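Per-chain numbering from 1; labels A, B and C assigned in written order.
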Amino acid sequence: MDSFATIVSVIYQFATNGAFLLLSAVGLIVILGMMNIINLAHGVLMMMGAYTASIAWHRNVPFWLCVILAFIVVGIFGAVLERAIVRRFYGRELGALVVTWGISLILSQGALAVFGPFLPAIPIPGGSVAVGQYSFSVYWLSIIALCGVLIAGLWALYNHTTIGLQARAAMQNAAMAKALGVNTDRIYMLTFSLGAGLAGLSGALFAPTVSIAPFMGQQFVAPAFITVVVGGAANVITGAIGSSVLLSLVKTPIGFVFGAFVGTVALLFAALIIIRLMPDGISAVLQRHIDRRNRFA
Amino acid sequence: MSDQSSNGHTSNTDPTPQPGAASDEAKADRRKVLKLMGAAGAGLTAPGFGATYLRGFEYTRSVQAQGNSPVKVGFIEDESGNLSVYGIQKLHAAQLAVKEINEGKTLKGGPDIGAGGLGALGNVAKNPPTISKDGVSLGVVNDGGDKSTEVVFDEDADVFIDSGDKGILGREVSLVSLDGQSNNALWQQLARRLIQQDKVDVLVAGFASAEREAIRPIVDQFKQLYFYTNQYEGGVADANTFCTGPVCEQQVIPVVQYIVEKFGPRGYTLAADYNFGQLTAAWTKAFAPLVGGQIIAEEFVPLSVSEFSQVIARVQQAKPDWVMTLLVGQNQQNYYPQAAAAGLKFPMASTVNMAQGYEHKRFKPPSLANMHNAIQYQLEVPTARNRAFVKRWMAMFPEDQYIGEMAQNTYFTIHLYAKAARLAGTTDQATLKKALELGWSIEAPEGSVFLEPGTHHCAHYIRLAVCDENHDVKFVRDWPSIQAWWLQRLGVNLVRHPEYKQYTPDEDPYFKMFLKKS
Amino acid sequence: MARVPHILKLLSGPEDIGRSWWFWAVFIAACVFMLVYPRWLSEFQATNIAYYLLNVPIALGLGLLWGYSGVLSFGQVAYFGIAGYTYGIVAGNMVGDDFGPIVGSLCGIALCAVVAAIFGYFVFYGRVQNWIVPILTLVLTLLLETFLGQTAGYQWCVGSVQLGGYNGMTGIPGFQLGSHVLMGYDFYYYVLISVLVIYLGLRLLVNSRHGKVLLAIREDPIRTELLGYDIRARQLVAFVLAAVLAGISGLFYVQWGNYITPSQVGLLQASLPVVWVAVGGRESLLAVLMSTVALNWLNYTLSSEGYQYALIITGALLVVVMLFFPSGIVIALARELPKCGLFGRRKGHAA
């Protein structure tokens, strides 16, 4: 019974690590995949989502509604940001990097100045479930399930809607798509808005488990970037999933046996090695594989 | 032995008769003792003009030279950035103390002659326990279970008294406060500015040990009088620095002893992976066996980690009796709600939580249920003097949510500085360091605090606080005075041998000497 | 003999702001002013200015790498930290030896070069995409910070020097010339002269043939490669040079403050050189130099006056500059001012 419980625990840890990486990175990947822009304001967008959720929750809005509200609010903010600032940097990736960093400085310090050092916490919904000597948080189990729903939703969006089709066209060849009548400007704005909204959603989902403070986004920036870099920009969905799975496979056993610090270091090293081996990311490798299979189909 | 009165005091309210011509030694000794007592009394009742019995003070000249310029208290804290949640409390404490000093108020206290302990002022017996001259049965005071429920020794509520002085020695106190922005390079620049350019009379600064260590070399280079008012890992032996916060021996051992008694010997340590966490964990590991406990495993969590499911799984695998949590910083505090959500029910011991970052107010119950902390101060301390202090604080800062231990330390430290300056009759820093090395006791909101001459550290009033499932706080045990004895055991005596370093447990062979082989 | 005019010609090449006699006159006047200025300064103020100046080499290195080679590295501070800690360890163990600081400095620079060479090899010879480099360098920096942060235990000591974890390494000896320790005014001159030499040296470099190839790589790597240049090697060399410059800043820093902590290689610190270079203008070394000094001065002044908004203002400045002066404020000014006829007419040359 003991070893069964341990196996369950390891699977649970693997799933939570993967879910954490996936949620941290999904907003970033959507934007990167479409526009090749590194959004260094990602952490701040997550912070905004958490703040929105906290403020709404303390006005007695039910939690699931707070999360949706966070998605909408940060998504709208993302659209505004894109229109006002980010669109001038298409094609200039490094410039986009720098300007989004500036935005994140303003927003995080501004949040500190306006709201103070932190906001009141949201309690973690749900209780716990025990297997053997281990117990697991129901909330994390539901986050894991939610990741699956999210991925399914994104897949449906990209593969079964017109907008998704247009988006994929713009990703592959923007000039051609434009020539065929796709309003690429609108697609970019919607994509950035979606990416920001997803960041806000993640922030709201993580909100009960963290301190809601102006710099809370920083703790997600490094894992998000690593996941994105390992995933690559070729295909949003395969990149996100493949990267989180691979990195979590590395981190979980090492972290379980050796502790949190070694787990984090192993993650960073793994990222460096994977980049060396697959410079375009996992999604590129998978994409080539899929293309090759389709060619012979 | 030259007569103090030949130094040219301006006025001397010393009530004892002036010694005349040469007298025999015994008489001179007795007179000297009387004079010392008189000086102490005079020092308490007539600050600023009391005779000082420390030789060679040219205090008259320096008082005249200082004239009417304000006394500058230099202050650096993180008012923005990650540590602002603590820095702002300390800033408010400093502002409150400076305001009270300028209004002519002070806390009771005085230089202690002789050994440390409960301070110059003991408690007054409201109902003096009287043992009949006939009886042989020993009456017992305040025995739990006895029928007597009356408080015999009065908690002295009235510790906030007039100082008889406006500001310090008639000069207004001004607080020169700068924001370190949680940036160590900026701390260095700001410290240099306060010391070299603003020429502050005293520097009160530093939250994290890293910040203190960043500015201590600058303090030593310019021989600046420096107070570090935070809880920390212990070991600083620096002739220019006075540490008024609690250290490991005052908090780790009481809490471990209590929790081993209550819950069993097997402990699991979760510590932040940096100096404070590692050193405090080393203390825990070294001392648990001496009080019957045993640390079965330690885990050091990097400061950036905020996702604890793996950590929680490892704790559950080890099945300890209790968990020692030494988690610091915004990210690591998330352990509590996550552990509660995962159903972890182990009793927890800590020396850092509740009293500094008021997690029991910020996180929803029952995240901090069964948390035990040996605290020196937190807002909930149930004494009359603390209630009065909290009231004064909230009158000046009605928006504040909490008064943490570092804030209280800053508060009484600045009052202590004022008292020492009044006794010395000057704000000259070299003189004041000597005046502080008299040994001082001050009636802080936590209780009586005693500043030890040789180690420059303070003996504190320690209480064991327990947080229950509703996040109500109970104080289940108290130790009226625990000294900071570790530096004494290392042989540090800054009065005799000035030093400028920080000791680590590695340099103390006693840490490993009597451990039982487990 | 012909080398001298050749060098002068290189100094006045087109790859940096300022070519006319007028410019050089102003430049020399400014240098003389900086040399004489301490007469009116207190030691504290001189030390402060030295702090602004010591950040210039790392910014120049980044400017070289980003502006002239087209590679953005977010992790220059990693080398800042490596050099600082190495110097602390070596010089700290050689206290009392007059050659200690010099040996320490050389070791610091050498280690930076080695680490940069290894890391750069993986990055450039792996032909990683351009946008990944900033992230990888950032990851390296964060890895270093995490590692250094957990070196608190007493087992983490090299020789007699403790690494100190988050408390930092204290008591790092200052730089010595012979037996004379450079502090205060001396330190100011030491940094000022070093920075000038570095700047002029870099100016020579970017105007030389080597520099032209770097520019070609920035403009179109494939074309340059087709022309027969090994772009990987050249980018690696630029990367190592930038790392060495960052290391020199690190050396100056520990010699200034005698102290270093892991937070010096943290996320916020890592972004500062990028801010300085972006605001000044990455395509000109002089712009980078001026903006570094100006922004450091601004940050210190705002912080020490008690403004919590120092970082907000920095962020806002960054956004405004990137939006409206994308090539940098100083470069934009340099382009506009001559058109007002302030500096006289030159036949057909842009400043």
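We adopt the following convention: a contact is a pair of C-beta atoms (placed from the backbone, for glycine too) under 8 Å apart; a residue touches a chain by one contact, two chains touch by 3 or more.
Computed from a prediction, not measured in an experiment: that's the story for all the values here.
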Arrangement of touching chains [line / ring / star / complete / other]: complete
Most distant chain from subunit A, judged by the mean position of its C-alpha atoms: B
Computed distance of Cα centres, subunit C from subunit A, in Å: 34
Between subunit B and subunit A, distance of the C-alpha-averaged centres to the nearest whole Å: 45
Residues within subunit B bordering two or more other chains: 80, 273, 300, 302, 304
Touching two or more other chains - residue numbers and ranges from subunit C: 146, 150, 308, 311
Residues of subunit A whose C-beta touches two or more other chains: 109, 112-113, 222, 261, 264
Residues of subunit A that touch subunit C when the two form their complex: 36, 38, 85, 88-89, 92-95, 97-99, 101-106, 109-110, 112-113, 218, 221-222, 225-226, 228-229, 261, 264-265, 268-269, 271-272, 275-276, 279-280
Subunit A - residues contacting subunit B, complex: 6, 9-10, 12-13, 16-17, 20, 109, 112-113, 117-118, 120-124, 126-130, 133-140, 208-211, 213, 215-216, 219, 222, 252, 255-256, 259-261, 263-264
Interface residues, subunit B side, partner subunit A - complex: 80-82, 84-85, 88, 273, 299-302, 304-307, 309-311, 313-314, 316-317, 319, 330-331, 333-334, 337-338, 340-344, 362-364
In the complex with subunit C, residue positions of subunit B that touch it: 79-80, 177-179, 181, 183-186, 188-190, 192-193, 196-197, 208-210, 213-214, 216-217, 273-279, 282, 300, 302-304, 504-506
Interfacial residue positions of subunit C with respect to subunit A in the complex: 66, 72, 122, 126-132, 134-136, 138-140, 142-143, 146-147, 150, 267, 271, 274-275, 278, 308-309, 311-312, 314-319, 322-323, 326
